[in-house]
Each structure stands twice: as structure tokens, then as C-alpha cells.
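Every chain is named by a letter (A, B, C and D) in the order it is written, and numbering of its residues begins at 1.
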Amino acid sequence: AQNGGNKGATAGLVTDVGGLSDESFNQTSWAGLQKAGKDMDFNVKALESKRDDEYIPNLTKFAREKRTITWGMGFKIQAALQKVSNQFKDQNFAIVDTNMGGKVPKNVAAVTFKEEEGSFLMGVIAGSMTKTNKVGFIGGITSPLIKKFESGYRAGVKAANPKAEVKVVYAESFTDSAKGRALASSLYNGGTDIIYHAAGGVGKGLFNEVKTRKKGKYWAIGVDMDQSKLAPDHTLSSMVKRVDVAVYDVMKKVKDGKFPGGEQVELGLKEDGVTYSDTTKKHVPAKVLKKVDNFKQQIINGKIKVPATEDELRKFKP
Amino acid sequence: MDAVEMKGITKRFPGIVANDGVNLKVKQGEIHALLGENGAGKSTLMNILFGLYQPDEGKILIKGKETEITGPTVAGELGIGMVHQHFMLVDPFTVTENIILGSEPTTNGMINKRRAEKEVQAISDRYGLKVDPRAKIRDISVGMQQRVEILKTLYRGAEILIFDEPTAVLAPQEIDELIVIMENLVKEGKTIIFITHKLKEIMRICDVVTIIRQGKFIGRVEVADTDENRLASMMVGRDVSFTVDKKPAKPKDKILSIRDIRVQDSRGVDAVRGLNMEIKAGEIVGLAGVDGNGQSELIEAITGLKKVQSGEVILNGKKITNLKPKTITHSGVGHIPEDRHRRGLVLDFSIGENMVLQTFDQKPFAKGWSLQYPAIHSYAKRLIEEFDVRTPDIHTPARALSGGNQQKGIIAREVDRDPDFLIAAQPTRGLDVGAIEGIHRRLIEQRDKGKAILLMSLELEEIWQLSDHIAVIYEGKIAGWVDPASTTEEEIGLLMAGYRAGTEVTS
Amino acid sequence: MIESLTDILATTVLYMTPLLLAAMGGLFSERSGVVNIGLEGLMTIGAFTAVVTTLETHNPWLGLVTAMLAGMLFSIPHAIASITFKADQVVSGVALNFLALGVAVYLVKSLYKGSGQTPDVQDVLQAMPIPGLENIPVIGPALFRAFPTTYLALIIVFIGYVVLYRTPFGMRLRAVGEHPQAAETMGVNVYRMRYTGVLISGALAGLGGASLSIAIGSQFSESTIAGQGFIALATLIFGKWHPFGVLGASTFFGFAVALALKGQLIGLTTYVPSEALNMLPYILTILALAGFVGRAEAPAAIGKTYETGGR
Amino acid sequence: MQVLSKINKQSSFFASLISVIMGLLVGGVMMILAGYNPIQAYIALFQSAFLQPFDIGETIRSITPLILTGLAVGLAFRTGLFNIGVEGQFIIGQLAAVIVAIKLDLPPVLHAIVAVIAGALGGALWAFLPGYLKAKRGVHEVITTIMMNFIALYLSNLAVTEWLTEGADKTKNVPESASLHWSFLSQMFDGSSVHFGIFIAIVAAIFMYYLLWKTTTGYQLRAVGFNPHASEYAGMNVSRNIVLSMMISGIFAGLAGASELLGTSGYQSIQASYTGIGFDGIAVSLLGGNTPFGIVLSASLFGILTYGGSNMEFVAGVPREVIRVVFAAIIFFVAANIVRWASQRRKKKKVKESNEKAVKSGD
């Protein structure tokens, strides 16, 4: 309201199958969009997709309403957005978490994150703080996106503590929190004392498990947003992905008539697109934090190139 | 005093009046027969007395007092017990468990099995009902199952016992045993209502008969004042002939020979143990024997439904041992199966569809892959008319036909395929005399047309009337061959019980 | 090595618990002759109710109780449709799954401002070590540091066995599932027994759902149950409709899951893709069935509607 | 009308219609309880399903796979089998279709045909094992098909990451030559994603009708389903018919997967969980009385409610899950035959009254 002159501007958001309250990028981006709506007087609306086959109709629905901009959330929606954006050439679209295979259409803005960079910092924290020299990683379903988290994390551990071993497991699910719990329990029992996850709902199991264990000895690291409230005494840090900020920024550009069509907006540590959570300082000693910031700086100024795939990780030398 | 008096009982089912003002008066201490054709409404009337159905009209007096029997529990309290036409036994349960179900003796809320078994043993000893209290129902003979049914009523202290067609499923010896039991019960002061289609049995043990036809009360007569013929005509509404008219057989070529075959039952135990048999064209061979002596296995082995372990089956000079059922059927074997619901019919198919159960994929019923309904329907119509199968139309599900008409349908199907060799297993089980008469005539007709027929029946009388030769089966072997014209019932009885009588044994 | 064994056992127990509870529920229903495809839905309702109750009252025990009540409540439509109205039991069970999942997620969205999942429960049920027993080597830490719901499940198996095979109630229930007409003629009220069976199944399946949402997990969403109800159904058949059979089957399944997880932890993923390892429990189950379990005999009257005096 | 009356064995089309209305009422009550406006919601629902050609097209698209999975379940039911494994067979159908689509290089149309056939065969293959184990080893098909669902899910994910791509989340898009997209059709519905699959579905429904009721194979399948003992007696091969039935059921499921993949999504991706289309097929089939025409009708109802339901959430803010409740209620009402029950009660009451009158006048 305070920003007049944006009357009639509208925005739509189509989630992937995770839905609006996935405590992950769908939820955060929706938060960002809502905030943008309030601050900049956009009429905002969201559509949840229950199945892959709903992406196209949902995107089309917004496009047909001639929304000023239509957001698609997640890499899964890429093919659909490609199709719809091609069909509605006069409409603007934006997508999160994929670069459209490197060829971003003129009417689309692609926002991606360097998850590996944030995960690297998590690796540094884990590597520095482990007492057993064994840290863990629980992945959701094996996929390039989750591999980015894993690679960055392992690189971070290696950089901070070459002696530490990283145990990697995949739940092959994003929802089975019981599996997450069983995996976490086994990892902890096997001597691992810090576990980072990139497994959506499976990660809930990690927090449920760590909560029941000895304070100060076993730790969990969260992902996507600050997850410390799930286990306040056991959460070292969270790798925060600022999807809300990214969405907000794009919306601001839209309002100012500077829609970044055809561009790939890639957000890393430098752009503050990924970072560690504010609550990190609660359990991570200043000394370690300093180290983390040090690495962060090196990444920002390009001294360290964080690996995003298994191949790059193999070649990675801290 | 009258133990039971039912006055003007009417019970309607959708589309049918099963009981239409039926009266029944049963004196204390008598055996009272209830007689009627299939579907006359006997079971319905008894189910009303037992509280399973509520009558639409009418009154029931028990020991002179008008009562409303709202359920089996109430019936039980009134001292009424019922042995149902179709056994009401839980297969995986033991004898004792079946008997105590619903009124279990307990200690601390747990079933007191030991006490129950003792009680069951005591009652069975008292009335001479031999049972093993610990045996599982599925492992015991039909006769013993029936005794369990009787024990169930006695265990609850029943004074008035309803027996709904108890003898239909029993072998002759078992029937004799049952009759002794019934006499014992009456001696102990019990009252019995006895349903049977076998007039001989009525004449033998009953005091009074009530006859119903098509749901209506026809009459009540003292057994002493009547005879079988009069009962039959009251029941059917016309005269019935009991003697089967048949000319002497003119046996021709050998159609079937069975050489030394062995067959196992479903538990893998040898049931047929080296059996030999020959049947010629134009004769009926009766297979007599107590249930469970390998009859069913023998028939299933001939028809390819069970594996022949050793030996061979030869039809018209060709080996058909262990061929597929389909091949055997097509090589000229017809089979009226023992259990018409399990094997004989697909109850959910229409009666028309059931008529082509084996031939649906042959011309003219099928052209290539596609069924030819016009041909199937006209064929079914013809059979239904020819064999007098009473059904509203050919599209009626087989399930909705009465047992007798279902059976007629099966016979029509099997006979019309014109097989050289026809197996008839228990072809008249549970049917009324009218229906039986017709079926017997059909079988004789087939014989006279030069077919070879194997007739298996637990009913000695049936075998007696129809067979040209009788093979008595005992423990999986033919214990002896007898000629019905020159043998007494005792002699066969002995063979069936395993005693070899020298001269008659031919193979 | 020993540690691994303890670990595998612990995971087995963790995975077994909800399945065991739900399958025991199914057992009561199916033993009375009513197929219960609706276990999935009943677990969902139990999971949901437990979470909401615990969030509101901060008492997870109360959560268990309400989960059982809610499970019972939701089994009523199934009972009415399939027993009183003689609907096909499979149809009715499928409808129940639709109903339960629909209602639960609908309520979550309505209660929590459109969110598809509940907030996190802080007061979840904690593992309950049994003093003394928990120190037995190998099995102690696995079996006797379990959740209360696990102990409950095991107790229910034993009580279930005693009730079904030692009490008049159990005998009548089984009789009704085998031969309802016979039971009726013995004065057993078939309808009442079947209703009771279905209601018990609702209570136990609800409890099973709760064990997932407020013991093992800590919140509810659409994917909290995610097929566990169907696996419970499979467990019930695998266990041949017998309490100890169900215990064995659910243990087998839990064990297979545990093996697959352990396989990853010891680094088998270098040789076998983790997806393949995750298939293991399902493959093992099929092999076990094909290999030595084979034919299972269902209660004879299962799936058949019953009508007084019908035949 | 004969066709319509087949929607449920015992109840007429009219009774089903009343059940649908009652189901919608139940949904309305739920909405009122949670403080929504049901009238507004339903208007949104039906408007969005029907008002514009585009939406009609999308509705048809969402009906397509439901018909096929419904047929899959229905055929198995007809032959005495409960195929809960349609979900897994669906996934394998998708997988097989995508492999042919992206690995083979064939001319247009032929490519699509081969891909569709591959999907059908994939589904059949996946259904074969449960059928075989049931026939030969007596293993309950409900367990095996549930297990096969999970295996299919993991197998598909494995195939996508390890074999079809180099560690990517999804395969590349199927080429135009293999696509079921048909621009003529799409244009007819204002560019919606309705595709050729709907014709496959309808042909499949007709095929099922013809197969079951007009052919010798169908005769055997039904006979074995109703009474295996009698079928054996009549010389039919019971085991072979059980396997065959499962495989035909699998073909329908596989076709559903292939048509979704080649027509709607265009690629196979890593799946975190089931699509649910297979499970929905169970409800569709049961509501349709397991008859082909009933299934087409109930799939249409389901599709309309589901597609319209998402819009209802969009427009009226009512959680779409209420649609599942509506559908559950409809199934309950149809299965319990509430309508017949109510009319019978009325009749009974009348009979009783007239009886009482008769008794009184008799006195």
C-alpha cells in the first residue's frame, strides 16, 4: 500500500508436489511472495500441485488470468513451465531451483541457488566440531540436487578436518520420517556425532532421534530454513536457502519494470542466497564460527570453488 | 400334551409365499415327520420354530403356551434345538468348541476346555453318540459331524429336536445308527420333528406325518393308517411310481476299463489302492460303498481332475490316464458331479451360460474367438424344454434355481453331449421323489441308448433299482461284484463293511 | 559386529511397531469376517488425532487414547456400510481410506491456516527403558529401550492371542468369521460380533498411526502413513491371520528394512545403488511368501455379507 | 439407459445420481462446519470443470488415466482377483514407454504406437509375477501386488538416475514422434493438454466389454473368477486364466502409465511417492460396478470432481481434500445402496400398516 502505483499487478505461484507447507522452498518462497504482495501491492495467489500432471494446468490457469508474473517452484516443474511459457509468450514467468537446462526463455527468469556453498559451511562446522571424527549425511532421494548438498558438505568436512570420515546414506524418500530416525539412530550408534540432512520430511526423523540423545554430544544440522526449533538443544546450525529473499528481489524488479527475463539468477554465499542460520552461534563456538566465516570469504572471492557433483568432489582439493 | 403347536403360519419372501397358513401339531414324545417336495417350505417352517425367521402371520404354542420366538436363543430357552439341513459347523473348530459355542463354560473368564470336553463326553456316552471331543470338524466323517449337530442341541438341554433332512447325507449304516439314536432320544422323553424325503424312513420310525405342498398345509396322518404310495401322492399331488421300469440290459462292447489304479486324496494319502473295473456299453454299473472309501477320488481320477499315481484308464481302447480334463471330456466322458454347487455349476452364470460350460469354445457356440450368443441361447432353450428345467428363462442365474432344477440342468448338459460313458455321482441327493423319478428315467434311457454308465450313490436303494451290476468299494478297492437280482441287502452291507463274501467276488 | 546386531534389532523393532498394531487391528476385523482395506485410513486418522491432541493438551498418553477413539469412530462407517447395509467390504474399505485421508488433511488445512502439516509436537512419547532388562547384552538396548507403543503392541499381541483363543468372546468372534450362520444358530449375535471386531480394528489401527506420529515421528502430514496401512494388511495375510503369525510377519518385515538400512551404513552403496537396497524388504517378503509361507487360509466367511437366516 | 443402469449391479443410474447428490451434501456440511461457503465452492468446482473449452479439455485429460486404471482393477475383480498393484504396473508402464520413446528412433506414429505397446507389455510383465505366484503357489495377490508397487517405484527411480540419464532427476522429453500430444485435439480445447490417450482409454473400455462378454477367453476368465472348481471340472486351465487375468489387468495399468507419460508429462522423473492414480482406480472401478461403462462414468465423475476441486481451492479457498470426502461418501452411499434401502423401508412400513389395517378390520 505504501508503494502506490502498482495497482492491478498480480502474481501466482505454483508449487511442486511438496505443497505450500513443505517447510522448504515452496513454503519459504510463498512467504517471500506474500511479503512482496503486502509491501508492493501485488495480488498474490498460490496453487498447490498434487501430481506432476497438474503443473501444466496450474501454470496455464495463472497465465490465462494474465497474472503479471507466474512462479513455478522446483526443478520438477521445469518441463511444464517451458511448455506454458512458450505458449503464453506475452506473459512473464519465473522458476526456482533450475536453470532450464542453460537456455532460459526470454519471458522467464530462473533462480537457482548454490546449495553446495552453504552445505560446504555445514561441512566445516561438522568437521570442526566432531569429537569422533565421524560425521553423517542423510540424503532424500538420490538426485543431482541432493548430490549438490552432499558434495558441498563432504568438501567442507574435508577442508576443515581431513581426518574426519563422512558416512553418507540415502533414504530414497522425502517423507518417511521413521526411516530417517532409524538411519540417524544407526549412524549415531556407529559413532557418528554430527549429522546433516537434505531429505525433507525424512529429516524430521533425524531431529526426533537426536532430541533423545545426550546434550552436547550428538548434533543435527538442518536444511532449507532454520530448523533449530525442532531440537533447540541439539541443532548446531541450518543451511538456510533464502528463497523468500530471492522471490522478493525478483518481485521488486518486476515492480520496477526490470524483470530479469532470459536470465539465470544464481544465488550463492556472495548474494546471500544461501547462508547459515542465525541460531548457529548458540552452540557453535566463536572460534569455529570464525573459521566458517573465513571459508565463506574464500568462497565469495573465488579462492575456493565448491564442488557440486561427485566428479567435482573427487577433484576437489582444499 | 402338544409339545409344539403352530397355527396358521404364513411367511412371505420377496416374490414367494414360503408358508401359507401352515398348521403343525406335535405331541410330546413322538417322532413327527414333516413331508413335502423341494421348496415346499419345510425348512422355512422349522426356521420359524427355531426363531431364525419371524412369521408374518400365525401363532406358536410351546407346551400349550403361546410364545414369540424372536431368536435362536429364545428357542434354546424353550428347549428347542435344531439340526440344520446344511450343517452349521465351524470347520477349523474342534467338536467340543462347536458344541459349547455360545454357552461356553468358563473359569475366570477363560473357556474351561477340560470341563467342556468332559461334559461333551458324558452326554455323548449317555445317548450313544460316539464322537471324539477333541477332533477337528474338518477331519471327521459326515456321520460324526451330524452327531455333533445333535450333541449341540442336547448340550443345551433341548427337549424338542428338529432334524432337517438329516439322512440325505448319510450312508445306509449311518442312517441305521441315526435311527437308533433317535429312538434313544424318544425313550429319554424328547420330542422329534423329522424332515426327510425318504418315505421308507417315515414308515420305519415316525408316528405322525404332516404334509405340506407349495407352502400350504395338506394334511396330517398317522403313520399307522397310511402307506408310502399314499404319502407320495399327497406330497406331490399326483401318483408317483417307485419302481423303476427297466428292461434287462443288453451289454455290448467294453467302453471303459480301469486297471490297477492308485489315487491319493487331498491330504496325499492313498484313497484308491489298486482298483480294477470294466463297464460295457448299455449297462449301468453301480458303485456302492460307505462314504469316504475312495469313490470321489476314483471319479476325479477318471475325469482327469485328480492325478492317477499308477495304473491306467482306458476308454474305447484309448488310454486316457492323466489326460487333461478337457481332453477326457471330448473323448466321450460325461460327468454329473457329486457336488453340484462346487463343481457342477457356475452359480453366478445364467443357466443358459451353464449349459455350454465345456463346449463354449466349439462350433456353433463360438466362431474363432467370439461367442455366438444366438446359438448358445437357442441350444439352452432347447435343453431346458427337453429336460423340463423349471426356470423363468435362460438368463436367470443358476443360483436362483432350486436344487432339483439345478441338477436337471446339469444332467441335461451332460447327457446331451452324448458321451459314450457317463458318470453320475449322487445324482439325486437331496431331491424330492418327483424329481428323483425323472432323473432315474433319464439314466435308464441313456443306458438303453447304449451308453456305459457309472452310478455312484450313497443310497443303496438307488443303486439297487438302477444298476445292472453293483461294484462294492471298500478302502479304495472293489471288495466284490454283485448282481442286484440275486443278492440281499445284508450281503452288500457286509461287503461294504469290509467282509468278503466268497462266491460273488469276481474280480 | 555385536553393535550392528543391536542396531539391526532396534531398527526392526522401530519399524515393526506400527505395522504390528495396525495388523492386530486388522486381525480382529477380518477374524470376524470383515475385510479391512481401510487400515491405511484408520492409521491416518489415528496419527492425526494423536498429534492434534498432544499439541493441545501436551499429554501424549491422552493422544494415544484419542487416537484409539478416533480410529473407532472412523471404523463405524465401514461397519455400518458393510455389516448393516451389506455393502461390499472391499468397496467400503476403499471408501474409508478416501474418507480418512480426506478428513484428516482437510482438518489440518482448516486448523493450521492452509498448511498441509501440523506443527511439531514437543511432548512426544519418549523411549522407555526397562530397568535391568535394558542392560542385557545385544537385545537389551534394542528391545528394552523401546517406545511405550512397542511394549503396548507386544502386550496386545499376547492379549489378542488369549482373547481370541481362550475366551468365549474370541471363540465367538472367530466362529462368526468362519461360519456366521452356525454362530447365529448358537445364539451368537453375528452383527454385534462383527461390529465389535471392526471397532477394535479401528482402535488398534488408530494406535498404530499414533505410534508413527507421536512416538517415532512428531507431526502429521498427508505422507505420515504413506502406505504403512497397506503393508500392515500384507503383514496380516503374511501372518496368516494369527497374532503370533502377525508378530512374526511384522518382525520379518522390520528386519528386512533394518538389513537394507544397515547395508547402506556399512557402505554397500558403493556396489549396489541405494534404490536397489531399499527394494530389499519388499523382494524378501515376496521370496518368503513364494518360498515357504505359501498359501494362507483366510477365515472362511471373510468378505461375505451376512443376513439373518440367509444362506 | 441399459448401459447407465449397469453403473452398479443393484442400483439404477437414478440411485447413483441420488448418491452423488447426497455425497455433495456431505461435502457441503463439512464446508459449513469449517466455516466455508459450500455454494460458492461448488459453483467454482463445476464452473472450472465445464465452463471453458480449456477446462473441459483438462477435465478429459484427468479422466483419461482414471478410466484405464479403473479398467485394470475392474477386470481383475471380475475374475476374482484384487489387483492393488495397479500403481506399480502404472509406473512400469511409464518406464517402458519412456525407454522406447527416448532410446529408439522410429518414424512418427509408429514410434508412439511402439511406445504405447511397450508400456502395455511393461504393465503386463509387472502383473505376471503376482498372477503366477497366486496360481502356482497360492500366494495372496494382495500382498505381492503391494510389494511390487514399492519395487516398481524404486526400480523406476533407479532406472532414471542410473540408466536413462547420468544421474539426473528426470529423463529428457520424449520426442515429438512418440508423443501422444495431438495439436488438433489440443486446439479444439483451447490449447489444453488433452491428448490421444482418451481414445486409448475408450477403446480399452470397449475392448474389456467385448473381451469379457463376447469372447471365449472372457467366458473362461469370468467362470474361473466365479468358481474355479467348476471351471476346472469343465476343463478350463485355472492357473493360466488367473495369470492371464492379471496380465490383461496389467496391460490396462501399463497403458495408463504409457498414456500419461507420452501424453501428459512427456518425461519420467524420480518419484518421491506414488501418483495415486492406481489407487484411485480401485475406487473408480468399484463405484462403476466393475463394468466398463460404469467405470467410464465413474472415472468421469472422479475426474470432474478432482479437476474442479483444485480450482475450488483456488477460487473459494476450500481445501480440495473435501472432494475426497465427497467421493468417499458417494462410494459409501452407492455401495450400501442407501437409496434402495430407503425405498424398501417405506414399502415395508406401508405393508405393515396395511396389514395392521387388515387385522383391525378383520376384528
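Here is the rule we go by: a residue touches a chain if its C-beta (ideal position, glycine included) is under 8 Å from a C-beta of that chain, and two chains touch if they have at least 3 such contacts.
The model shown is predicted, which means the values in this text are computed figures rather than measured ones.
At the far end from subunit A, in terms of centres built from Cα atoms, lies B.
Inter-chain contacts peak for the pair C-D. One inter-chain figure worth recording: subunit C and subunit D are separated by 27 Å, centre to centre, where each centre is the mean of the chain's CA atoms.
Rounded to a whole number, the gap between the C-alpha centres of subunit A and subunit D is 36 angstrom. One simple way to say how far apart two chains are is to compare their mean CA positions; for subunit B and subunit D this gives 45 Å. Taken residue by residue, subunit D touches two or more other chains at 154, 157, 161, 273, whereas all remaining positions touch fewer.
Those residues of subunit C in touch with two or more other chains are numbered 114, 223, 226, 273, 275, 278.
Every pair of chains meeting the touch criterion is listed here: A-C, A-D, B-C, B-D, C-D.
Contact residues on subunit C toward subunit D in their complex (touch as defined above): 77, 80-81, 84-88, 90-92, 94-99, 101-103, 105-107, 109-110, 114, 223, 226-227, 230-231, 233-234, 237-238, 273, 275-276, 278-279, 281-283, 285-286, 289-290, 293-296.
Against subunit D, in their complex, subunit A makes its touches with residues 17, 45, 47-48, 50-54, 56-58, 60-61, 64, 75-76, 79, 87, 140-145, 147, 172-175, 200, 309-310. Within the complex formed with subunit B, the residues of subunit C that make contact are 162, 166-168, 171-172, 174-175, 178-179, 181-188, 300, 308-309, 311.
Within the complex formed with subunit C, the subunit A residues making contact are 19-23, 48, 142, 167-170, 172, 175-179, 181-183, 185-187, 189-190, 201, 204-205, 207-208, 212, 229-230. Across the complex, subunit C meets subunit A through its residues 3, 6-7, 10-11, 14-15, 18, 112, 114-117, 120, 124, 126-127, 212, 216-219, 221-224, 226, 257-258, 261-262, 264-265, 269, 273-275, 278.
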